[in-house]
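Have a look at these structures, which come just after this line.
Two complexes follow with subunit A in common, the first pairing it with subunit B and the second with subunit C.
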Partner chain A sequence: MARRFLRQKLGSAGTVIALALMAVIAALPLNAGQGFAGLDTLAMLVLAAGCVSRDAASGALQMILSRPIRRVEYLAGRYVGLLVSFVLFLALSVLVAVTLGQIVARIAPGPVPGTRSAADFGTICAGALLQGALLAVIVLFFSTFLRGWGDVLAVAVFAILFGSLRSLGQALRLPAMARAGELARDNLSPSVSWETVLHGQKILGEPTGRYILALVLYGTLAAVIFSRREFSYGQD
Partner chain B sequence: MIVIHGVSKTYGALGRKTKALDGVSLEVRRGETLGLIGPNGAGKTTLLSCLLGFLRPDTGAISIDGLAPDDLTIRARTGYMPERLGFDRELTGNAFLAHHWRLAGGDPAATAGQTRAAANRVGLDSGVLRRKLRTYSRGMLQRIGVAQATLGNPSLLFLDEPASGTDPLGVAVVRERILEAKARGATIVLNSHQLPEVEKVCDRVVFLERGRLSREETLRGETAGPRKAILRTLPELAGEATALLSAAGFAVRGEAGGLLHLAAARDEDVAHAVRTLAMADVPVFEARSSADLEELFRPPPS
Partner chain C sequence: MDKTEPPAIRESTPAPVSTVLRGSQSKVPALLFWLLGAALLFRIATGILGRGGKDSGAGLVRWQPGIAAPSAAAASHRPVLYDFTAAWCAPCHLLDSEGWSDSSIAALVNDSFVPARVVDRSREDGTNLAWVAEVQQRYSVSAFPTLVVADPSGRQLARMEGYMGKERLVAFLAEAKKKAGK
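For the complex of A and B:
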């Protein structure tokens, strides 16, 4: 299943070009020590968009589910494929960043900016992968019951909703609303300072716990919904 | 054996409910080929979806050899071809068949041999298999769909319009594959609008109408119902032939070109009619009989 996902994504010229472009753009903030500057999130959304719903809409899913495989196996395969393709994107970004850094160092006059170490890149990529893993499972969850690219749209809507609830609550001086927005964001879309955690600090902190809970919650919900879902095909 | 007992299925919610299946009960014997026919929207695809476990009946139950349709042991011996071919268009024909061979739990070492054999059986050569599916014509997609469904010789076959969009040669190839599976003892459920093909391969047909199983016709075996027969003689002798057959007790209707239609004829009746004409020196150039499946689509006289 994971192999099929990779074939689908890497077989699509549009996806490959979009990811390559993002990898080139990400090289600049990566070299400047600013991480992926949100491009990792964008890349994950591009990869994950319609990861289950498009298979269901095309009828390919029904053909697969007529075979002796469990629905959970299919979902797990999609998830693993998603993570592997994301790792490929991260690796490509680092490769482009290192190559560009070396070219700039050779041709640019004046003092050469310090190149980042392999450990730095490793930490940045590991953090991006861990955060991407959560985003992937959220998109996967929405993809089990929404159509088309509704999964990515739902992620965007929820992100905006959580953020705006908090800001709106503060602006309207409604602390309960602000608190609700904050709680929703922290629990349903938790963000962890991976650089700190990966350096061995606050590993068992509250954000890490929320992250693990969210990962398990979305994964379980996706599996339960997908196992119960009915699929029709064609027309009578 | 497939047992469908009182299955109902309704789509939609609140005020916009559509009853796709309404108390359907049916049994398909092991090794039997059953044709599902009926007008568009009759519930045939919904019934097939329930048989494959994609949909759950609201009421009633389905069992295949005593197990639920989505049981993995049932799926391990199921071949399925959907009407709408949801293929990964970027895959080559080879990769597509290999993927389904692996999904079916086939021996990885036998992948190349099995996929090549399945493709050969539907007339797709290795050159075609190397091409991506997006370059395939509709007929080629149907053929590779049939190859996919029959991979590993499954004992249960669910086919939804398998010959739709194929040329006459493709139709014959699909028919041969169905007959081959049938000879192997596979239980086949075929949903098709191509009535002549249904008649050629099915042992029995059931007619679905507005979600209900309204009629049933046995096409083969001792319980097979009467068929319509057409005899062809010289146009100038058609009148004489009609009179002879009427006198012999046949309900006969003459048509231009020397065609004689016999209603409700069994195989032995056709033989008797041919003999009657031959003994009166009326030549018979052609004699064929077929079940009048089209008749099932016509509303019963009120």
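For the complex of A and C:
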């Protein structure tokens, strides 16, 4: 299933061009020590969009499920495929960043500011992969019951909803509303300072706990919903 | 003639498609639920640890309790570095993830200052803790993030408002260290 996902994504010229462009753009903030500047999130959304729903809509899912394979195996395969393709994107970004850095070092005289070590790139990529793994499972969860691009749309709507609830609560001086928005964002879409955790600090911190719970919860919910759904031709 | 009866052919009703699906394809591994339980326990444990104060602050900097920072500064003969911050402040998060998470910056802060975070909660809770309000008023803090370096007696030595990148942060810390005579 993972190989099938990779064939689907890497076989699409549009997706490959979009990812390559993003990898080239990401090389600039990477070299400046600013991480992926949100391009990792965008790349994951491009990769994960419609990861299950499009298979269901095209009828491919029904064909796959006519074989003796468990539905959870199909989902796990899609998830692994997503992560592998995301790793390819991260590797390409670093490759472009390193190449650009070397070209600049040859052209510019004297020491080049902001040159990153392999360890720096490794930490940034590991952090991006861990955060991407959560985003992937959230999109996968929505993709098990929403149609078309509804999965990515749902992720965007939820992010806006949590943010606006918090801002609205602050603007209206309603601490309870602001707190509710904050709680929803922190628990349903948690973010971790991976650079800190990967340096061996605060591994047992609250954000790590939230992250692991969210990751497993979305995965389990996706498995339960997907295994109970009825798929028929021409309905999705 | 052989009188023995041929073995009866038992008619079996084929299982409905939905039953077949439920039995073979649609089974969710119990491992997932065990993992969910373990993740829930881990979440509770980290929540308790976090409330115990072991998870305060951000990045690699070893933040001291703000209320006790002046006495810690007097004991160690180092200036206090106050980081005035707020949960809603986006540049503060950037400072946390970029500045305080950089190992060289964190080492500089940990070695040369008594770092203390002063978190504003007025927007969320409607009010601040008394010591937070008092420190904010003493250093006339009106924007976030604001970094103030003060000697153990509380006299302001250096100040930076806003976050303008790692290089500016390093320059500010070096300048403040020089002013403090360390």
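Convention: the second predicted complex is superposed on the first by the 229 of 236 C-alpha atoms of A that agree within 3 Å, B and C clash if a C-alpha of one lies under 4 Å from a C-alpha of the other, contacts with A are read in each partner's own complex, and residues count from 1 in each chain.
Criterion: a contact is a pair of C-beta atoms (placed from the backbone, for glycine too) under 8 Å apart; a residue touches a chain by one contact, two chains touch by 3 or more.
Nothing here was measured: the structure is a model prediction, and the numbers come from that model.
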Partner chain(s) touched by A:173 [first = subunit B, second = subunit C, both, neither]: second
Which of subunit B and subunit C A:8 touches, first, second, both or neither: first
First, second, both or neither for A:64, with subunit B first and subunit C second: first
Partner chain(s) touched by A:223 [first = subunit B, second = subunit C, both, neither]: second
Partner chain in contact with A:209 - subunit B first, subunit C second, else both or neither: second
Touched partner set for A:193, first subunit B, second subunit C, both or neither: second
Comparison of subunit B and subunit C by subunit A residues contacted: C
Partner chain(s) touched by A:34 [first = subunit B, second = subunit C, both, neither]: second
Intersection of the subunit A residues that touch subunit B with those that touch subunit C: 65, 68-70
Residues on subunit C engaged by subunit A in the complex (per definition of touch): 24-29, 32-33, 35-36, 38-40, 42-47, 49-50, 55, 58-60, 87-88, 96-98, 101, 103, 123-126, 166
Of subunit B, residues touching subunit A in the complex: 11, 20, 38, 40-46, 49, 52-56, 72-73, 75-76, 78, 80, 82-88, 90-91, 95, 99-100, 103-105, 148, 158, 160
Of subunit A, residues touching subunit C in the complex: 33-34, 65, 68-72, 166-167, 170, 173, 175, 178-179, 182, 193, 195-196, 199, 201-202, 204-206, 208-210, 212-213, 215-217, 219-220, 223-224, 227-228
Of subunit A, residues touching subunit B in the complex: 4, 7-8, 11-12, 55, 58-70, 230-236
